[in-house]
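I have placed the structure first, in the form of structure tokens, so that the comments after it can refer back to it.
Chain lettering (A, B and C) follows the sequence in which the chains are written, and residue indices restart at 1 in each chain.
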Amino acid sequence: MSDRDIKKATRHVNQNEGLIFERSSPGKKAYRLAPLDVPAIDPRKLLGAAVREDLGNMPEVSEMEIIRHFTRMSTWNYAIDLGMYPLGSCTMKYNARVNEVVARLRGLAEAHPYQPERISQGALRIMKTLADCLLDITGMDAITLQPAAGAHGEMTGILLMKAYLSSMGNPRKKILIPDSAHGTNPATAAICGYAVENLKSNAQGMVDISALASQMNEDIAGLMLTNPNTLGIFEHEIAKIADILHQKGGLLYMDGANMNALVGKTRPGDFGVDVMHLNLHKTFSTPHGGGGPGSGPVACKKILERFLPKPTILEKPDGTLGFDYNRPDSVGRVRMFYGNFGMHVRALAYIMANGYDGLRQTTEDAVLNANYIRKMLESDYTLPYNSGSMHEVVFSDQRQAQKGVKTGDIAKRLIDYGFHPYTVSFPLVVPGALMIEPTESESLEELDLFIDAMKAIAREAADDPELVRNAPHSTRVSRLDETAAARKPVLRWKPQAKSVSE
Amino acid sequence: MAYPKDYKYTKEHEWIQVNGNSGTVGITYHAQEALGDIVFVELPKVGTVLESGKSFGTVESVKAVSELFAPVSGKVTAVNDVLNQSPENINKDAHAAWMIKLELSNPAETNALLSADDYQKYVEEEK
Amino acid sequence: MRYLPKSPSDREQMLREIGCKSIDELFEPIPEQYRLYRDLKVPRQMAESEVVDYFRERSETNAAGYAVFLGAGAYHHYRPVVIDSLISRGEFFTAYTPYQPEIAQGTLQAIFEFQTMVCELTGMEVANASMYDGSTGAAEALMMACRVTGRKSAVAARTVHPEYREVIHTYVQHQGLPVAECGYLENGRVDMADLEKKITDDTACVLIQSPNFFGTIEDVAAVADLAHSKGALLAVSIAEALSLGIVRPPTEADIVSMESQSFGVPLGFGGPYAGVLATKEKFVRQMPGRLVGETHDRNGKRGFVLTLATREQHIRREKATSNICTNQALIATMATIYMTVYGREGLKELAGQNLAKAAYAAGEFAKKGKVLFPGAPRFNEFVVQTQEDPHDINNRLLEKRIIGGFTLSKFYPELGNASLWCCTEMNTKGEIDTAAKAVGR
């Protein structure tokens, strides 16, 4: 293998580390408790048959070993702090450090959710201020911060639609979902008790207006639409789409996964959206944390407000804030307490650090970066849809596939070049999709390195396809046997089972 | 790939070997190739009544789930439990790794199925 | 803007390469009439110092440094400093979901360890990589039980956290799954006679919480026997995970839904926390959420991957076991570090201290008020009935910078002037004595 073109990354030694259980031995400790200041008790006497004597294989290690264990493991991860994550529809942007600092302020981090409202004014004010900002950003009338993630927000939003339609006399049976949609959309519709009806895209990768008009009827509760859609294309007939739905009494739900293309430039509330969710862990920079936590606020129009999950935040006549539980039409709670408050803190800190001008510049840079990549790579990769790109661009592996190199192989080869792969094989409407979203967080230098890497891989796919097909070559582990993992699942460590080898 | 001449085929890529009133069902070589490494098969219980063309189970690879469709109507008389532990048998020899045996409720339905030659043509056209 | 790594000339150069005169050209796909030409109504751009000051001020108008006797689903435990030190490594907190295992072994191995520890503690065979929290986890447990059994209703104990039950109600009504409620006895435990009446041929699952909302430890084995004798599954919800350090795990359950907040996760005004579902191996394909499994690479080297993904929304779409995608991975990592710090002996010792503190406090409170639900064991919470409205007691305690117990009248009006108190290792004897005195006035 030739490393000639690999500019961003160099191989370096990293440490091996087994499972924590393999380090454990009786008597090692990483804790010391303060002496008990109340009389000691006999657990057996207090608990009787319910007492537990042994905690099985829980580890026994020292503090030093814990630091090394997790630090070593951390070095095996790719992360935003190391470089670009060109993941389409997953907006992986810089996670500002000040957000982490303010989220850990004692009064916020140690606040009990049931502490009295009058000593929770700071937390309530943060939630209220964030809610107000998000309302202006989306152009909507009302909001809940309760949902814990995007899919959870989708569920909340669809339940609002269902409650509204029920109040009009008929909850209806089906939800329309474009074939380019994220998998959570149909899964959400099903959770909410709706059947899913597929809506086909047209040749420009957008909603087929005539198909929509013919499919829309009084059985359909509404449409779940991502805008810009998962091809990175703005649905420019969005107002017409909303009209078609509204004329038949349906509603327009917008999946806000791609809001990073719109903030400060246009507002869903202005172009006909009735209800939408935001992903604070995408657009508003709260860290992805290796898969979560997220936060999925749901904003809606006035007609849906009375159905919002309880409690909502209420401004009292004396200017203090409180929770309003007296909401007889509410769809109910979707989560205990008030949502992922720690993420609300971070998102507000992000908005404040940006201000209105920074948010607008952020959106412009995100769109600029995607279009730059599109321009620089369109000679090397096939562009299946010619419509203008917003914050992400989707190529297909059509040319490379002729040599037997698939999108998944190109993605794995990117790892050798020091990048995280883009989103592979999604959206489903593009065979062999390469979905690339750079976000605003990438400098011109990093973008050029990425473009160089993609061009080099395109050359390799033509000249040495085997090299690409077997990538990555530089990681701790080579491609892992996912088939074996799924056929005979090993989902936990066990003391007797000697593992494969190390 | 040679498709056994004494089997009948569906456009959903199942095969059935009919013997009087009983039939043995599996998926074709082409189906397993399209799916890739099969990791799990979900099959009905003995006694389940199947309707021609309706789903009777699923077959899964690491990243795809595919439904199984009954080639004909009938009652399940046997299920190949070996596939629970060794789904890879389908990849090894799809035309031997049967999934269920059926007691046909309407043997005339088999007339609508594809012959080996027709199926082979169908598969080639689909590519 | 300080997060944006571009100079004006970079932007000009890029626009030139693209062939655009101005950035506005790139926004032309948005119809003119919907473009926003005013500034958003959000705060102006602030210096980092101003951002810190803003939140510091908000933090100061929140209670800080108060003694807390609230539990009720969110527990105040000491957080070893190594947790924040480790999860603050960018490689953990700025990493994406580990879909690319070659460059995500750190997250994957940590979650595999989490799954293992949850199994050890709960007595279950498999555990997933996390759910949003204990409340949504309990709802997912019920829906999972319906998939396993093919039955279409459930019974939940009234002693399950009231907010969990509200969340369950929100979820299951749209699945056509009625959930009956089962009462409790004088000792705080599930009323078995009532439960027996409520279980029907169509009951997929009985859901209890142990320790329950009153802090009482349920007789899990007895409830399991009853549920199983009627062909239903038993799901056990655990809101106070630390109880597992000294309370026998619910091994008779079929599904355990646990809130992991007690394991090193800040109270944080209610979130983010992390739920987790654990179950028997035979039900794994009906489980919601991500799972990490062990495998090997081409050279036979051990490694970890997300597995059994065909259950999930990105593959099975509307037929998925759940719509969950983003979970609480970083919080699960926190919990893993916490469980490692205390480990086999420490969790037991710490749980023992909680038990001792609550036992002492209940003894002191009993001198002035009535401690309800005698005759069944408790962990670190107990219910006190008082002459006085608990709000008044709490208001007096607030002046002493003590946050009193959780007033139960909203959810359990039948208990009158009752409140739920929690004592952890964080509550000193002095605080307990002060609180106990206030109760009896």
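Here is the rule we go by: a residue touches a chain if its C-beta (ideal position, glycine included) is under 8 Å from a C-beta of that chain, and two chains touch if they have at least 3 such contacts.
Computed from a predicted model, the values in this text were never measured in an experiment.
Student: Closest chain to the protein's overall Cα mean, using per-chain Cα means, please.
Tutor: Smallest offset from the overall C-alpha mean is found for A.
Student: Tell me, please, which chain's centre (mean of its C-alpha atoms) is farthest from the centre of chain A?
Tutor: Result for max centroid distance from chain A is chain B.
Student: Between chain B and chain C, what is the separation of their C-alpha centroids in Å?
Tutor: 44
Student: For chain A and chain B, what's the span in angstrom between their mean Cα positions?
Tutor: Here the centre of chain B sits 39 Å away from the centre of chain A.
Student: So what's the Cα centroid distance for chain A and chain C, whole Å?
Tutor: 20
Student: Can you list the residues of chain C that touch 2 or more other chains?
Tutor: As it turns out, chain C has residues touching two or more other chains at 310, 315-316, 319.
Student: In chain B, which residues are in touch with two or more of the other chains?
Tutor: In chain B, residues 40, 60-62 touch at least two other chains, as defined above.
Student: I need the residues of chain A touching at least two other chains; which ones are they?
Tutor: 482, 486
Student: Under the definition above, what is the set of chain B residues touching chain A in their complex?
Tutor: 37, 39-40, 60-62, 87-88
Student: Touching chain B in the complex: which residues of chain A?
Tutor: The contact residues of chain A facing chain B are 482-483, 486-487.
Student: Using the touch definition up top, name the residues of chain C that touch chain B in the complex.
Tutor: It comes out as residues 285, 309-310, 315-316, 319.
Student: So in the complex, which bits of chain B are touching chain C?
Tutor: Result: residues 40, 60-65 of chain B touch chain C.
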